[in-house]
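The letters A, B and C name the chains in turn, as written, and every chain counts its residues from 1.
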Amino acid sequence: MERNEKMQQPSAREEILQKLKAAPKQSVSPRPEIPLLSELAMTQEEMIHRFTERLVEETGIVYRVPNNQEALEKLAEIARAEGLKKVMVSTDDVVAALDLPAWGKKYDVIIMTPKDFPHRESFRDAVFNEVQAGITGADFAVAESGTLGLIHNKDQARLVSLAPILHIAIVPVERMNPIYERVVDRVFDNPQTFPSQFIFITGPSMTGDIQGVLFKGMHGPRKVIVILVG
Amino acid sequence: MKNVSLFIPCTVDLFLPHIGEATVTLLRRLGINSIYHEEQTCCGQPAINAGYQQAAQKAAKHFIKVFGEDDQVVSPSGSCVGMVKYHYPELFENEPEWRRRAEELAPRMFELAQYLVDVLKAEDVGASFAGKVAYHESCHILRGLGVSEQPKKLIGNVPGTQLVPLNAAESCCGFGGEFANNFPDISESMVKDKVENYLSSGADLLLLGEPGCLLNIGGFLSRNHPRKKAMHLASFLAHNGKEGR
Amino acid sequence: MEIQTEQFTAAVKRELQNSHSRAFLKLMPPVLNMKRDIGLSTFPDIDAAQAYGAAIRQEAMARLPELLEEFEKNALANGAKVFWARDAKEANAYILHLAKEREIKYVTKGKSMVTEETGLNEVLHKNGVEPWETDLGEFIAQQLHRPPFHIVGPAINVPVEEVRDLFMAKANLKEPTLDPVQLGYAARLFLRDKFHHVQMGITGVNIAVAATGTIINVENEGNIRLTKSSPKIQVSVMSLEKVVPTIKDALHLIRLLSRNCTGQKLTAYVSMDSGPKKKDEIDGPEELFIVIIDNGRTKIYQDLKARDALRCIRCAACLNICPVYGQIGGYAYGWAYSGPMGQVLNPLLLGLDRTQDLYRTTTLCGACKSVCPVGINHPSMFLYYRARDVLGDPYWRGKKRSGSEERFFQAWGSAVTRAWLWNLGIRMVRPLINKDAHEGVISKMKGPFHGWFRTRDLPAMAEKTFHDRWKEMKKCNNPVPAKRYSKN
């Protein structure tokens, strides 16, 4: 089956491409000029401010702390306020630098990571049913819309920021960018290192599908808390 | 006196000739002499809308012959002007000579308010009125020609007139030519909303620049709210808000 | 999805009487339009931003075959598998076969309009693979067996009472409630179980990027992310026009899409997949199948005018601004696509004969064209379809019109070039038109004009047309004679 799938039905593929190629040709219109987005002229402080403004508009909660130590203290506050007993955390470089297992022992919060699980099924069970929050770092933050950019890989499992009802993201301020293009320039610069999935997250999940009434927390997290560090 | 060529759409010619007369009166007041080519018939809109391109091409060629040598052509209608400016070149995709002639005529075509403000630079046209008016932004004038400030400027400069806001002023009234008769349920729903917005605006009079809209809105008012009036801008400016016949 | 485009008139009558839909349509589109204006205001020059979007999609269509080849090459290099399907049958069969082979009992689905075109859900269901729509609106519409009311909010018009009853019957809702938030939470719990155990997920594709072989989905709910991340198998279905050259092009379009659709700067989630998961990742699909569907698009592509319809990015801005949609809502359009973009696309996919009313139910007001972020000229498309229909164009299945209409326009075409004949015709027709006129007003007329006169009057045709009056005015006070027109 495997080999067949790649070259499945060459006739359908060939037929479609042939028809498209045989069609009347069109020349490509030149791209019009567009003014640059205002975020491109921002200083880092301005970007941080814009990021916060935008994310708060989407009911995200944003804290800013000067260093990792205070980040951990803020995290403890959050854990208390949210009644967190068990959380799933990524093993990305930001989170790794915080030593959450030690923090967890101190504040009586059980810390699980995807690496604790031998296979995907048991990880999936845990992240869906057993934890009250997912804690991740972020590879990028984008001021334009209060957005986080996460590269998914072995240290950034997808379900950590998705399945639990609360997502806490810790973001060093140096990772702040003005607009999306700056971010994807780096994520997609080398085909050898394209991530299997790259994601932009802007606030909690939401819907307005019942009579247009907007609410947060549809299938993904209901609450997003970002701790900006630096 | 300067001359301008008058293009009178068939809706005006047949059902609302007083709008044509008002246009002539208004222009004369501003020192413009109207020329009316008696050979004119129709711009072809009904044929284009119904999909009869051959018939439409006939109308278009006749139109270009009749008006082709005029310096400026003015009409109290946006849809007809738009038809000539934007659809004629498309119509002659495969006839380069006619296409060229259509393209040459296009910049010389003007809707009335556009002509008064942009070409004649007229501000005060010598009208006066005591009361509140609302302005309906006809689709072909607003979106088709990009004309909106001009009529409102003219209205605003009439002493005694207060231009009041109209809810959903830019929303279509539901005329659309044959649409009004072929899809009456929807058309009625649309004109009903337009009239409700007029009634709740507090205006004494509803002004507009498109004869089709006038037939539609005016026709609905006549049947359902006979005391409320809609009026073409030309009539309003020429006769101080009183309908001439 | 069942095609009901030929029941348009009956559907319109019904929908105009649906007071709940009407109330909703008075409220929702204006709110969305306002949000759109606010969202777009972040562009320093909105028109330029929209024009740029149009240029991206123009290029994408002009270079379609080469971009699709480039996309496929890069997607394969990323480790994805690519299947090309000529039509609904091939696409559905392939996906069903895959599901059966992998012993899949059910799938979770992210919203995919092309799979509504192909009727994938029914094929899966009939063959023992249960498809669960997971976008809340699609879920409700699916359970109620209703077509979508709005391409972004498919069940947004359904009253809460109905949703409550539905959820009590089918979604484990224990306590009755009319609170949309509580109802939403019930749906979350119900569908969460599906996400937790799902083995195969099916999504659509918003944008496919040629340069990197990446597929992109935008959403607010998280159901697409879950559908991509939880199971071992991901199938993503794209109609072939979804491709764009570069990832930056994609991002510009996503900005436009988010702002035009709901006024958001960005939807809550934008997920970009470049192949299946890597070996050392613990979640995500082990296999990613991308299905590229034609289903009538290569046919559209042959016609340079129709081709522009393929630019559409499904933002629904045209639905929200359309005065006709604002009266009748989505059901009447009779198929997967509604509003002006449905009026542009359905005739090309289904044939002009099956969609006679769709491209005529418009006043050509141009509001749709004025908001479109990819520069589609809807009114021009409608006129084009009518012209093709009148000619009985076999390519587009034009039907031709009635003999009497054709004869009318033939006569009209003769008269319009001869002023004497034109004016003679007017004189002859006047007494017929004015037969029932009373004091200069016509309130009824025999013949095919019943639609107008139901609620409207018409001024009587003037005894003296402007043409006639001019002749008199000329004598009195206009010394400049009209020029004879040139014969050529």
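Brief remarks on what is shown
Methods note: a contact is a pair of C-beta atoms (placed from the backbone, for glycine too) under 8 Å apart; a residue touches a chain by one contact, two chains touch by 3 or more.
All figures in this text were calculated on a predicted structure; none of them were measured in a lab.
Considering the contact criterion stated above, no chain is in touch with subunit B and with subunit C alike. For subunit B, the chain whose average C-alpha position is most distant is A. With centres taken as mean C-alpha coordinates, the chain found closest to the middle of all protein C-alpha atoms is C. Distance between chain centres (mean CA atoms), subunit A to subunit C: 31 Å.
Subunit A and subunit B have centres, each the mean of its CA atoms, that are 54 Å apart.
Among the residues of subunit C, none is found touching two or more other chains. Taken together, the subunit B residues at the contact with subunit C in this complex read 3, 8, 12-17, 20-21, 24, 33-42, 44, 46-55, 58-59, 61-62, 65-69, 87, 90, 139-140, 143-144, 170-172, 174-177, 179-192, 215-216, 218-220, 222-224. Those residues of subunit C whose C-beta lies close enough to touch subunit B in the complex are 12-13, 16, 323-324, 327-328, 357, 360-367, 369-370, 380, 383, 385-391, 401, 405-406, 409-410, 412-419, 422, 426, 441, 443, 448-452, 454-462, 464-467, 469-471, 473, 478, 480, 482-483, 485-488.
Within the complex, the subunit C residues that touch subunit A are 24, 27-28, 31, 42-45, 48-49, 51-52, 55-56, 58-59, 61-65, 68-69, 74, 76-78, 81-86, 90, 94, 101, 134-137, 140, 153-160, 163, 180-181, 183-185, 187-188, 191-192, 195-196, 212-214, 220-223, 225-226, 228-230, 232, 240, 247-248, 251, 254-255, 262, 264-278, 280-284, 289, 292, 294, 298, 301-302, 304, 307.
The touching residues of subunit A, when paired with subunit C in their complex, are 1, 5-6, 8-9, 12-13, 15-17, 19-38, 54, 58, 114, 117, 120, 123-125, 128-129, 144-147, 152-154, 157-159, 162-163, 180-181, 184, 188, 191, 194-213, 215, 217-221.
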